[in-house]
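Below is the structure I would like to discuss, written out as structure tokens.
In this document, chain identifiers A, B, C, D and E correspond to the written order of the chains, with residue numbering beginning at 1 in each.
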């Protein structure tokens, strides 16, 4: 907190408190909505968002404007907008923080986005464990409805919207947008075959747009302040806006910060995270949640931006930065990650259902020092093949594994050579 | 040079046959003299039992499928404990050529070849061996093999209790 | 029927009537059933099926998929201990060992007094407070063995003051 | 008793003894071949009938006589019946001109140890060997069976083809002996057997003889792996026996020819002439068996190529060279 | 039509097809598990990996999900896709049990094939294998969950294609479980398809469990004899025992699916009590004796008493050839045409439909492609189960399904119902065709008008009726409706459900004279002295007026392979061969001749001759119980026709011009010939009598229990319906009957005790489901009788 940073999404954040409607409005809330409804056509809103360079904050980083351009705005109702708050990726907790701090931002974002897309029904899909956030959101929805921001004829326009809150009951796979739609429909939440894409046939066979909570929260700010302002927030020319970075792992301070896109990793670790804990040294980190490839110390000066991180061999993902100190066995960490993915697989396609548990067994063997060089070779050949899975879950699991073999291959071989963990663990 | 080699090659052969003429014949005059066949000798076929004394044959029809002269026929049936067994099993030794393909095809080590080769009869019908004629009391070769302990379908022991198996999965389990 | 009380049942039935696709309420109905009994029994699945006008199997397909729908009996408090990478790297395993020792059960089991069921869970969204666990949806972070002891004590007291 | 009558009686007895001896020899040649082959293949061979299986030929004959004589329904019955006899007959007739030794004094008469010492004995032999093709071919055709037909066709082509090198291999011998009488040919070898003088002829003769006798490696007409039994597939009982005997008689005939033409017939030190003759024929038979135990069967195209591309030109060259050599030796007159 | 190259073979396929389908067309086999021709792509197994060498997305792709593009170059042999497929096999085999020897799928197992094809010989995993508990899925399907590879084919078949809702996938990750909520019988009447679609031994046929390996089975292309739809099947038998029936995987006509009646109803062929020996006046004899006796005695009676003394009964389940030869015999004797159906109403309806223009007759494929289907007075699930499945496929494509029937007709798809008394259905059809709807009440007319709007808008409507339900008047209205609606731009078609696999041909063979009605007159004359029943059971199917005459006949001859009541009573019995034991032809409900080939020779199964043990050790040229001959062969012998089947067929072609082409039919080539239309019979002079007053009895057929073949299959016992009489709840109360009470039902001098049940029926109607052997079941279905239902006191 040594540096002055713009505060957009966390402007109303106070520790332990949730901003009320009054607080939100005091800070300029619902200005974007008012402007959109009163001055802009839906197409203009979409244009603003496209110009702002906003990219999805849910992990894939797909440009929101492009995604919206696929949406059939002119199709007859029903059209749906879904806010994805099934935030179950290890290392990621920003959406929960966002809703708890300032739920109205999401509500406004949903309304403006629904206006832009012509959607007449919006649903917030919220994970089981975010019960507090769900309650806060429901309260905010009630307040908004009371204030006329929601319901029939919003702010006197002929635009109407209902927002539902759907509480889930666990399972990481529901974060995948088509699985989420199946879950919303009350079916088994397996990912769906694409095409048809949700924009064509989504919830109940109707056009549906699924967006991350943080993405939606950015939309009213863009409408209120303009795309140029939003682009100017970032520290790299390719980037746009700020980003919620959830810090975790072996850092002195593990909190969620709003920082401009493009903030270098070193600054995040050393200044915002307070440096690696217990005075140890940085060994590696997951820059964007459990499904992103590891970065090692050589990548500390990479700006945390979608394109720059891709060049560095990883992804910005959800920007949940998990840091590991130099006493950590990366094989052990990968084993834990793969266990997570294997357990959270929906069991639909073979590579994920059968392949991941086999990789987990193999890593367990290696970690216990019972592995062989054949096991290492076997792991290497699994990566491209499991990557051919049906949805992105198993592909996400291959991120850490492939980077483990690429960056920490010697450490893995050390396990085989010594017959135990070289770091004395396990 | 090539011609010379051809001629030498031909003459060599003559030398070999001529030399062989003065060697002791390998053939012996059975039945005056008898030789003890090796354990792997392929003669009369038997059906063996597993280490628990139960029939090894699961009547999978693989031996009859492998048999080049179609001398094996059977009918499989299911026992109350879920075991598959041969309701009847017949080998027509009048047709059998003792090639051993049946024993090779047998996935349960039930059908085995023995060294007993002296089984000529004048009446071909008496060479039809039924299950009771074929079944022996012991496990024969590979005495410790027990197919159902490796099959993985919960016949020899309750599901998931054998060394190679995990306990049965419960899709409704509380554990994620 | 003992699975749901009359009031909830009629509320749910009313919502079912209002929805064009009643099936989308399956998680809500199951959670409502679970709220009353702590878990969803076979009868609960059948009731949900009846309510939603789908077959019990179709309810069961969904119920067995979600890990927070309990299809087997649980204790009065369900402890979900996060075992994902952030909590794991900050000593989550030690907390698990401590819990197992303290409650004398292993993962998936319920204490003999029917008080606690100990279950692992994937990330609770409390990575900043690792290691973390939740007890009946109440989140506890920054766990230490001492804190765990205190929490267990408090949770126990809440049920039987 | 008039000498003419005595001579007639003697000749009759000679014929009878020769016939008996030759047939017995043929029968025991079978035993000899089976035993020899067995030993060359590390087997025991016939050992059940009599000591060392010596009664086996007898048992075989009895068996063959007792067997049912089957004639295929579609067969040409007359030719079918006749054909085996033709084979055996042509082989037996050959012995009429083969001299077994110098004339002996019997009951005061000089008796030739040959039934008829024809001045063109050699041609007679060649003619008979050509005739034996008929027995084989007609038998095969008359059987009305595909195997028999194929066997017959093969036999026909093979025997006619190999007659050429066989005949041409003998031409140098006639050249050197200056006679076609077998006795004269034998006597012409008093100093050197022709095998030494014209080894190429001898080799050609042996190969040709093997082919004429349809023996390994030239046993294509009865290649059992392809044609069951070739031209005699359909034959059973004693008719089959006749073919069988014919084949072994043929062996004896060819052995005798080899002995007469190349190894000086009955000539030899110490032992009486006929014994020498028998020994030499026996040696030939041994070689025939030895070849059978050693060489595999040729393919049909190889068989034909060997004859037309190698043996025939070689025989012609040999003839020319021998003629030239003889001409030079005699001083170029 | 994009053109692409697969493994060097060039192929053009329609736009939108996937690489996998293109490969199939090019003759390149791409390994797959979850893809299924009728179910489409899913993308779960990931086995169909191929390498796209040239195309918009290069690299390893799933063949089943990648649409073809012009100029694509695809390799299935490329190392990277080959490696992917190897890995998929390795993953699947890591937990697959080592039990192929005791698995019934062994020999026709796709996983086995793929494991061998993928060179997977050594399990590289050291981990322990996953296990599951199995469920009892009832008497038809065996469940072995350990063998499952989670290809999801079963769920998609059972739920999506067949419309069942009690089988699905439970759990998640690597413990997904395919089963039911609770153990128990699978309730869908199409559950047997799980056996065919499961690529491993997870779901296998319990009825033939452990009986034979596929390579030992004698199989042949055949036609299902259980109803008139003519589904293509491949029965398999061994040791003279019919062991299983599977659907022909080819798409036409039944799309590779079968109903449980057709699949599991084969037990009649193996019954120990099946009559296999000829019988003359109670004395066993040879077939030759019996044939000679039959000819002499029938000809004798015809000479002595005139040809009208001979009554020949044809059969819906005998082959077309046998029925045609029977007709020919009647001609030669100078007797009246055989009676092919004892139910006059059904017979009349069938004869009209059999003469309709071929273009108006819908096939199963037409039903699947339809955009509107009307089901009037028919119960497809009972009378032609695959038609109900075809209806579901139409509904899945978005077709509306409307049911006009007083009964709560069960279907496997969503349908809108309009309960209408059977007598009013023809009028409703006339209304749809543009009639004024006289006689229809206002509350019926309103939904009918809505239906008419839909019908007029539909481009490919199919109207489905049943011969029993519609009767002659209804069929006329039905044909008039579709004929009037057919225009160049739209294709309206009609389907009529008929009782048996030869019904259509029989109806065509029957002369235009209404012979079933004529029968009453002939029976009344008391002239009948000889009755020949060809594979028909009049004693169980005909009312007492008919059976009384038959039983009194001087000669009562029966040809059959089922142990029916008729066979028991006949004084001359000739064993005939069952449908899978002969070559012959059936004729499906759309009038297409369908040839089938012999699977087994007739004979007592070794199962019975060996009494569960090995067959006896004797040499004999005779097959035990092998005296039976195909009915057409017996009749050809009687008629003096030589030359086997082709001789008989040539003779038939000569005699019946509409059967032209019969001789050229071949079973394996799936030859079809459509019977031409003809001049419909004149309407009967007097319409059916007035509707009886008071309580009316309506009979209908069940899925299992009436159809003669499956009624003799013991394994289907569980599917047999309860002996119940269904009444409107108000009616029940009026009669003083509680649901579950025993009630005596009387109609037409027949009476029977049944359990009273409430059902969603119009008032004034008592509904009884027929069961072979029960008294009321001798009444014809479709007609309405006055009846009495009263409480039955006492035990």
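The working rule: a contact is a pair of C-beta atoms (placed from the backbone, for glycine too) under 8 Å apart; a residue touches a chain by one contact, two chains touch by 3 or more.
Computed from a predicted structure; not experimentally measured.
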| item | value |
| --- | --- |
| Chains in simultaneous contact with chain A and chain B | C, E |
| Top chain pair, ranked by number of contacting C-beta pairs | A-C |
| Chain located farthest away, centre of chain D as origin (C-alpha) | C |
| Central chain (by mean CA position) | E |
| Most distant chain from chain B by Cα centroid | A |
| Computed distance of Cα centres, chain E from chain D, in Å | 78 |
| Separation of mean Cα positions, chain E and chain C [Å, integer] | 50 |
| Euclidean distance of C-alpha centroids - chain A vs chain C, Å | 25 |
| Interchain centroid distance [CA atoms averaged], chain A/chain D, Å | 101 |
| In chain C, residues with contacts to at least two other chains | 60-61, 64-65, 67, 121-122 |
| Multi-chain contact residues (two or more partners), chain A | 170-171, 188, 343-344, 346 |
| Two or more partner chains touched - positions in chain D | none |
| Residues of chain C that touch chain E when the two form their complex | 42, 45, 54-58, 60-61, 64-65 |
| Contact set on chain B toward chain D in their complex | 10, 13-14, 16-18, 20-21, 23-29 |
| Complex contact set, residues of chain A against chain E | 171, 173, 188, 193, 342-351, 353-355, 357-358, 361, 365, 374, 378, 381-382, 384-385, 388-390 |
| Contact footprint of chain C on chain A as seen in their complex | 87-93, 96, 127-132, 166-172, 183-189, 204, 246-250, 254-256, 286, 290, 320, 322, 324, 328, 333, 336-337, 339-340, 343-344, 346 |
| Chain C residues touching chain A - in the complex, by the definition given at the top | 20-21, 23-28, 30-31, 52, 61-62, 65-69, 80, 83-86, 88-90, 121-130, 134, 137, 139 |
